[in-house]
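Chains here go by letter, A, B and C, matching the order in which they are written, and residues are numbered from 1 within each.
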C-alpha cells in the first residue's frame, strides 16, 4: 500500500517511474475523500492541480503535502481556522509554500487548526473539531490538530504545521506521529499568519524523522522577507541522518517527571531511556530550575503579541466585516466580536491587559526577564548534555469537550513543550509507546541550530522501534 | 498680548525622508499616485506579512543626528504603538520609543538679530499612516493607503521657543537643514514636513510651565505662527478669567481663525507600546557613522560664516545665498569655474540678474537651464570688457535653454564688445567732433559731461563699445 | 496588584464588544488566568535583562529599491467595500 511507504521510498519510486505523480496524488485524494468526513482534518482540499511535466526533475518529484491553514496560499482559501478569514483567498504564497512547491511538492489541501493557532485541542476551530484517528471521541491535540490527524490516518505523507507553545509537538504526540519544531528563525515566517511573533515557528509532522529531514532541508534557510530569519549555514539534516551518533549524553530534568504526569507516560519514558542506553547514550540528571514558570511566562508573552498581531482584522481591507456598522467604532467592535471565537477574544483581552499602562512592567517586561532565566537554564544544561528528554505531554489524549470549558487545564497541556519556544530552541516529539491503544510521545530539545542532532537521534530510535509505523486500523 | 504672560512652545516636526521605497516595504514613495496603487500587501497589513528595514532610512537619520551634534544610538529598536484608525492598516504603527536613533541634539537659529539655541530632545524613525477623505454626503470616509509606510523622522524639540515667530523660524530652519542634508525634498504642499505644536503659557517670571495643548498638523510656516498665536491668546483669556487649561489635542481651523478640540481620534489613549518582535535591534557601527560624517554636506550656518570670512560677502548676501541650497550649490560651482570674476562679483550677478530669471520662470536654481560653467564664462567676458553689462545680461537670457555655444550666440546677436583701442579711438574722435560743445565743457573741468559723451559713443556703437576704455580714451584726448 | 480587571476598558482598547453576560464570563476567566500569571508578576527580577527575541542577532537592512508593482485591483477583490479604488469606512469624525 502506497501509504505504508516512506517519503524516501516514494521519491525513489517516482524517479524510477514505477509510480507517476498523478497516481500518487489521486491515491491520497481518494483517501481524503473517503476518510476525512470522519476526521474533519481538512478545511479545504485541492480538487485538481495543473499538469507538472517538469516535476520529475525536482527533488520531491510530486510528493503530496497538506498545509496547515495558517499558511497563505495564493488563490486559495486561507482561513486560519477562523470565521474572520472564512472566505479569505490569499493574494500571495507563504515562503514555505513557494519553496516546497518549487522543490516539487503538490498541495493536497489545507488542514484544520485551532482558531489563529490558539489552543491545544483543535476545538476552537470555526470549522468544527478535528478527531484523533486513534479514537474518534478524542482530540488530536492542537493547534495543528488537522495536520497531525491527517498524517496519522495517512491522508497525507507529510504536513506543515506551526508551533508557538507546543502546537506541532503536542498533536504529534497525541496522534502517534513525529513532529519537529525547528530553531526559531530557521524557517521563514513570511506568509505564516502571526500569533506570537517571537515564539511562532513553522515545522513538519510526518510518520518519521527521515521523512521530516527531507522536507526540512528544502524549507529552511534565510529569507530576506523575514527580518527574524537566520542567515547562517547549517549542516544538512538528511546528509547526517544515518551517521552513527557519537555517544549522546541525554539529560532529564526532574521537574519533567513530576507526579502530576500520567504514570503510563512516565513508564514509556523509562522504556525510551532504556532504548537509548542500549544505543550507547549516557543519561544524566539536569535541573531546569525555572521550568515551573514556563506556563505563566508564556501566557503573558504570547497573548500580548497576539493582541497586537490581531489588530489588523478590522473588516476594512479583507476578511469578515459586520453588516451592523453604523459608526467606525461599531464597525470595529462588531466585526471583531463576530469574527473571533471566545478563546481568541480572551487572549486578546489578557494580552491588552498585560501591555496596558501600569501593568507593562509588572507583567510583560517581567515575563521577558523570566524568559531570559529560562533560556539560561537551557544554556547551562547544554554545557553538560547534547539533548534534553522529557514526555511531550503530561497526559494522554482527552475527550472532545472534556476541557473546552477549562482553559486553565488546557494551558497546562503545554508544560513540557513551552520552554523550547521561550528559548527559541529546536525540539521534536516522536512516538515512544502506547497505552490502551493511545499513543505516547517523547520529547527532545537540542541547542540552537542542532536539528541535525534531533533528527539523527530520533531516526536511530525509529530504526530500533516501530511505534512510528503504527496506523490506526480504521484507516489502514 | 498681555506682557506678563510668556508663551512656551515645543515643536514636533514629522519629516518625510526622501527614500525611493518605504521604510518597511519595497513600495514606491512617489507623491500623487492613483489611490492605493502604491500599497503592497505589507503596507496593507495583510495576514502573514513582515517588515524589513530600509537601509537608507538609517543613513538619513544619522545624517540628521550628525548635523545637529546629537547622540547617535549604537543600538536602536522599533516599538509598536497600538491604536485603531482606518489609515493605520495593522492597527499599530511601527515607531520608536526606547532607544530612538538620535537623542540630545540642537540647532542654532537666527532670530531677532540673535543666535538662539533650540535643543532637540530626540529624533526617531516611524512609518507614516495613510490618508482619509471624509465624504459627508455619503456619510463615509475613503481611505488611500499609498502614504502608509512612508518613512518619517519625527524631530521633537525641547519647549525652548518663546514666541510664535520664533517657532516659525525654527521650523524654517529645520526645513532648510533637511533639504540641505538631502534627506527630505522639502515640499510643504505635498506634506513632506508636518508640524505639531505644543503650546502653553506661564507668567513671565515663573519657572513652572503651564498645562500645554497640542495643535496638530500645521503644514505651513504661516499657519504655525497664526495657530500658535491664536491658541496662546485663547489660553491667556481662559487663565485671565480664572479658568484652567485642559490638556488636549486641538486642530487649527484656518477659515474660522481658531483652534478647536479634536474628538474621538483616540480618547483615553493607551498605546501599549512594546518592542516590535518582527524586527531585531539595529546595530550602528562606528564605520557607518564615520563614512556618513565624511559625506556630510557643508551646512547653511557653516556656509554663511565662510562666505562672510573667505569671500567677503556682506551678511545679507551671505545669508540669502546660504539659505537656498540650490543657489549656494550654483554659487560655489560658479566660483570654481570662473577665471576672472571674484566671488563677490558672482554673488551680485546671482542675487541680481539670475535670481530675477529664476523668479520669473518660477523655478529653483537647480532647474535653471544654464550651467554654472556658462554663467561664469559669460560673467568673465563682462569682467574682461568683452561684453557690456547689458550685453552680458542679454547673453544669459539667450544661453538659457540653448544648445548653441556662447561664441555662436555672441556672433549671432552681434554682441562682441569693441575693445580694440584703435577702432574705439576712431569712433570717439567722430563722436567728439559731433559733440564739440560738450567735449569743450568736459575739457574745461565739467566732469559730469563725460557720462553724456560716453553715452553717445555707446549709442553709436549700438552698445558694443567697451565703456571703460571709451572713458579712458575720451580722457586722454 | 489590584484584584480586578477592567473589562470595559480592555474591550474598548481591543475593539471587542461584549454584552453584560459575556463581560462577566470573560472577566471570570481572565481572573483565573491572572492567578496563573501573577506568579510571574510577584517576582523580584530587576537585575535580569529582558529577553525580547531568542535570536541574538541584528536587523538585516534592505537596499532602498522599489520592488513592488501596482496590485490594487487584485487586492481590492478582497475588500468588503471600496469606492473608486478607496477603502471605505463609516465617516470618521475628527
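Observations on the structure shown:
By definition in this document, a residue touches a chain if its C-beta (ideal position, glycine included) is under 8 Å from a C-beta of that chain, and two chains touch if they have at least 3 such contacts.
Keep in mind that this is a model prediction, so the values were computed, not measured.
Set against one another, B-C and A-B show the most C-beta pairs in contact at B-C. Using the average of C-alpha coordinates as each chain's centre, A ends up farthest from chain B.
Rounded to whole angstrom, the centroid-to-centroid distance between chain A and chain C, based on C-alpha atoms, equals 23 Å. Computed from the mean C-alpha positions, the centre of chain B lies at a distance of 40 Å from the centre of chain C.
Here the spacing of chain A and chain B, counted between their Cα centres, is 56 Å.
Among all residues of chain C, those that touch two or more other chains are 9, 13, 15, 52-53, 55, 57, 59-60, 62, 71, 75, 87, 89-92. In chain B, the residues touching two or more other chains are 41, 44, 52-53, 84, 86, 141, 143, 270, 272, 277, 279-280. Residue positions of chain A touching 2 or more other chains, listed in rising order: 88, 91, 198, 224, 227-228, 307, 311, 314, 316-318, 328, 332, 352, 356. Residues 71-72, 78, 80, 85, 88, 90-92, 94, 189-194, 196-198, 224-228, 304-305, 307-308, 311-314, 316-318, 328, 332, 352, 355-357, 360, 364 of chain A are the ones touching chain B in the complex. Interface of chain A with chain C (complex): residues 88-89, 91, 184-185, 198, 224, 227-228, 230-231, 293, 295-297, 299-300, 307, 311, 314-319, 321, 325-334, 336-337, 340, 345-346, 348-350, 352-354, 356, 362-363, 365-373, 375, 407-408, 411, 422-425.
The part of chain B that touches chain C in the complex is made up of residues 19-21, 25-28, 34-41, 44, 52-58, 84-86, 132-136, 138-145, 251, 262-265, 268, 270, 272, 275, 277, 279-283.
Considering their complex, residues 41, 44-53, 80, 82, 84, 86, 89-92, 141, 143, 270, 272-274, 277-280 of chain B touch chain A.
Those residues of chain C whose C-beta lies close enough to touch chain A in the complex are 1, 5, 7, 9-11, 13-18, 26, 29-30, 32-34, 36-41, 43, 45, 48-55, 57, 59-60, 62, 71, 74-75, 78-81, 87, 89-92.
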